[in-house]
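Heads up, the next two complexes both have chain A, just with different partners, chain B and then chain C.
Let's look at the complex of A and B:
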């Protein structure tokens, strides 16, 4: 099958194209070069004047796994109220907005031109469930980041000074066993400390049982990720999430990386200062400055948007703090196999609330103060800041200053005084949006054939009309191709497609397996062979898409 | 009843969500408009007219539902006034979140009778449910006001997380009654030998409350009216939740 997209303006920053008019050819799931004058395409789409980009990639979106499912259960009323019929193309419909069911997740993403989304918090013991759910999400590519940093085996290795090599082997073994793409750490050491009745653990505070500080967990894991050569740097959800004044901790965390590559996630929730009468203000400027001068660092924002959502996190400590603010008034927290935690708290962000309004402003401030779109990613930390369906609105806020100022005038009247948002004139360009949502995510995850439009890349392509209302533009793409197949036309699903699951497999010394097996037998009560996830369990037997371990050297 | 009658005429075993079929919503509507109302069933959408034969009458006078093999979910869920009479069995969540009115089920009821709909923090908050047969698990879950009387037995976790209100089960209950109960009464029509988990023994005596309950239920034909005694064994709990609830087992 040969498809021609004729006359579009290509936004393909990975290959240095910023709106050049050119034809694009797709053959059998791949982008190909111009086959020459003799070629007879099976389908020709005239996209003259339209914006052509690769399919968008969301690097941080909670779409599968234990806590996502618990959030669905907790938000049962949402599934009662928002049901979607299936479409003739084979999508089964489903339900939910903030906690969409699997088919709904895939449908909402592809309708906006996203062709990949990654689950950023897959616990080892929940990995099988997460993979089964990801297999059931149609249209988009997925993958999971393995959560480490509060598991007894690792903390024990650090506490007993077992050495970096043992940690590296353990991390590599866990990544392989759970079919993961990257390593994430959530409140390093803090979730473990919570179980020993600590309700707060600062970066340099010694944890109650293992006597290990979050800083040491962080550096050991960042080094392991670096030495194993994983393309994606350590994905860090730091200490003190949501606590006013946590900007100091966040700046310390950047120091703790001491030059090792690190990705700091949902930094909006980690950028709070304590100025003003309410002891809550923006620390965005200080953080943006630190990130701008540290090229080894990348961030995603975790933008807050106003409305009802639900926060689901492995960070039991932070979730227990927010529980009294739950709306509607219900929440849950649980331990997961002693390896991590889980807290789910429904939340309604209101523009009339000083704190929520400021959170919204801080996120936008960060987006606009961070200079390098290659190192900042568009996320709402779905569903924690807002459901991912708010992305088009967020893009409009970034690209349209007048609209932004109009919205700023609507929020709590005291909030604008505590942020610099009103004075920022920057507007994102289409090229920058293409970097932030396509080229950069593919690069930072090591997905060499995604996020760009050069021959050889996967034929995941989105075509937009260049509308002045950027929200309308990004909400309803004209055409979306997944692996060369046209799946969305004018914002409506027209065909079914399945994505793949991306996985990385660093090598390790087999000796570690014996040690881990003993740990499983003695402490977990589950034989190691049942923990390991086979290739046949991924994507209904299709198996994972493997990527090479190639470290991306930071300039 | 001079109200409206709905007689199921679809395939036996079809699951139907009845939460939209409430007397207060149908009151004053003609048979034709009711027949055209959408009705979720069997995982898809249908209309009331496709699934039920309707008789002329005003729903304000009461609704008579004949299930004839259908699995009717959420009958009377969220009802605030009026009367529903079901001539047969119902599925789960009958009378869930009900705020007022009367729901009478001649046959058996499924789980979460007078309980909470998924995701909602409270169950039944008013009205009267009476069941001629038995009921499933989690009856009166998170209930906060009103009366549920079941002539048969109820399943596990009866009156679980109950905030207030009364559940009376003629032929006793399954395991874990009153789990997480804060206030309210679970009345059992048969003796209970041992105190349920997390309940303290409060002794056996005559309870004035049972006179009052019997009077409140006069005319329903329920087992409470027929019970010959007001003597009951009282258990107090759930002690983990403050222990203001009670389980009364008729001696």
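Let's look at the complex of A and C:
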């Protein structure tokens, strides 16, 4: 099958194209070079004047696994109100906005031109469940970031000074066994400390039982990820999420990395200062300044948008603090398998609330104060800040200053005074949006054949009309291709497709396996062989797509 | 009875257990073609034991004594079974059975998919079929689950998992009947081992309003205390209420619940365990709600979490798959492709009264509960099942973890396990059979070779994108 997209404006920042007019050719799932005058395409789409980009990639979206499924069960009222029939193309029906069911998740993403989304908090003990769910999401590529840093095995390695090499082997073994793409740390040591009844744990506070600080967990893991040569830096959900004044912790966390690459996730929730009568103000300027001058850092925002959602996190400690604010008034929490935990708290962000309004403004401030779109990613931490379906609205806020100021005028009247948002004139360009949502995510995850339009890349392509209303533009692309197949036309599903699951597999010294096996026998109560997820289990036998790691040494 | 809604003759279905009379032929070790499968994963009760030893020879498989009556019985399978489908008791070719199943389901106006005892792929295939034909879906054992879910959905909960119980818990509070009745190796595997994170390794087990089984007493010996059984059956709602009052400092003088409340508050990590399926009271969800509130109250100052156990025959996996596919728990139907959840109306016991056709799925064990229905019954079950009367259609299927690999969830709902295949008896998986029925509904040519069940389990439908 040969497809020609004729005359579009290509926004392909990975290959230095910022709106140049060119034809694009797709053959059997891949982008190919111009096959020459003799070629007879099976389909030609005239996209003259249209904006052509690679399929968008969401690097941080809670789409699958135990906590998401629990959230679906907890959000019964919302699911009752939002129920959908399937599409004639075979995409099944479903329900939900904040926690859409699997087929609904795939449909909503692909309708917006997204062709990949990554589950950023996969617990090892729940990894098989997460993979089962991810393979039931149609259209999009997926992958999971393995949560480490609260597991008793790792804390024991650190506490007993087993050494960095042992930690590296364990991390590599776990990534392999769970078919993961990256490593995430959530409230380093804090979830474990909560199991010993600690209700808070600061970066340099010694945790119970192991006597280990979050700082040491963070640095040991950041170093393991670096030395193993994983493409994605350690994905960090830091200490003190949501706590006023946590900007100090966040800045300290940057220091703790001491030059090692680090990705700080949903930084909006970690950028709170304590100025003003309410002791709650924006720390965005200070954080943006620190990130701008630290090239080894990347961030995603976790933008808050107003409305009902549900927060689902492995951070039981933080979620227990949020629980009294649950709306509707119900929540759940779990301690999980000497591994981590999960907390699910429904939440309604209101523009008439000072705190929520300021959260909204802080997220936008960060987007606009961070200079380098290659190191900033568009996320709402779905569904924690807002459902991912708010992305088009968010893009409009970033690209349209007048619209942004109009919205700023609608929020709680005291909030604007505590942010710099009103004075920021920056508007994102289409090229910057293409970097932030395509080229940069593929690069930071090590997906060399995604996020760009050069020959050899996966033929994941989105075509938009260049509308002045950027929300309308990004809500409803004209055409979306997944692996070369036209799956969305004028915002409507026209064909089915399946994505693939991306993984990495750094090698390890087999010796570590004996120690891990003993841990599984003595503590977890499960022979290690039942924990390991085989390739044949991924996407019903299709297996994962493997990406290379390149071992490095810390200078 | 094609279409069979007019007649409305209710038929009483039941099964005869043949496994117990399958003889002792594996008790004598045989030399020759014997294979030993160590550390086999057991998919039956929901505890997910991964240490069962299975002997295999030409005549079939048999487990080495595991300490679990369920595993010891259900892992015993003979290769000498019929792989024939039966239509009203008469053997038919599989292709004809598939065609007939599709015809019955297509003709049905009020179809029901029940039993639903299958691996995750089988459940997903059943959900695809349910959406396609407008059937409701429910699991045979969902009653226990819904007693817990009712509370989760209106209130939330605070829970833990089996490895946390094993390593962190210093005080186990068992509420109601001994869960070992449904989860035989619970105490041996998850409470008997010394807890890693309890200072002196000591833990107590307190039974509230229920008595430990003799096996439990033997297993845990002196650690067990029994409370709240002042002669006669315990009123669990009242007992839990009294304990909550004691925790709130409102107990009556001399109430023994005061002491228990003090111990809960003093424990480092208390785990409250219950098996809601074993509660035998009019409003079991009131007990569960009381327990969740009790746990929250204790957990405010020290650590305390619940362990609501339910989940034989992949009940939890069926609920998880239904939740991710539809956004709703079991007892969900489809109206023109749109899911609709109704925990009362779509309870399979209710539905089977009105259903004009029922697809009953029971892949794990050659047993079915007694049920009545006036509609046609298509049964997917192991060939060892002897069912009376003969259903309209019987299609033999393999058991996940024996005849084919399959995923099942543990009763604590977090851990999913992949049970491997042990023997090839020529039995298809539920996912494969339903995939063929779906293809027949599509009018596609019946080409068994081309219809790989695993592709059906995917149910995403399109060809795999060339990654």
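Please note the rule applied: the second predicted complex is superposed on the first by the 549 of 555 C-alpha atoms of A that agree within 3 Å, B and C clash if a C-alpha of one lies under 4 Å from a C-alpha of the other, contacts with A are read in each partner's own complex, and residues count from 1 in each chain.
Everything below uses one rule, namely that a residue touches a chain if its C-beta (ideal position, glycine included) is under 8 Å from a C-beta of that chain, and two chains touch if they have at least 3 such contacts.
Given the structure is predicted, the values throughout are model-derived calculations rather than measurements.
Model built by superposing both complexes on chain A: chain B and chain C clash. In the superposition on chain A, no contact is made by A:176 with either chain B or chain C.
Of the two partner chains placed by superposition, only chain C is touched by A:99; chain B is not. Once chain A of one complex is fitted onto chain A of the other, the partner contacts of A:76 extend to both chain B and chain C.
Considering which of chain B and chain C touches more of chain A, the answer is C.
Contacts of A:253 after superposition: neither chain B nor chain C is touched. Of the two partner chains placed by superposition, A:142 touches none, neither chain B nor chain C. Judged by the touch definition given at the top, the superposed model places A:525 against chain C, while chain B stays out of reach.
Taken together, the two structures place residues 73-74, 76, 79-80, 85, 330 of chain A in contact with chain B in one case and with chain C in the other.
For chain B in complex with chain A, the residues that touch the partner chain are 45, 117-121. Interface residues of chain A, counted against chain B in their complex, comprise 73-80, 85, 328-330. Here chain C touches chain A in the complex through residues 39, 41, 48, 50-51, 120-121, 124, 128, 131, 149, 152-164, 166-168, 189-190, 193, 196-197, 268-269, 302-303, 305, 320-321, 323-329, 334, 336-341, 407, 409, 413-418, 454-455, 457-467, going by the rule given at the top.
By the touch rule above, chain A contacts chain C in their complex via residues 28-30, 64, 66, 68-70, 72-74, 76, 79-80, 83-86, 89-96, 99-104, 123, 125-126, 128-129, 132-133, 135-136, 138, 141, 152, 194-197, 209, 326, 330-339, 344, 458, 482-485, 495-500, 522-527, 529-530, 533-534, 537, 539-542, 545.
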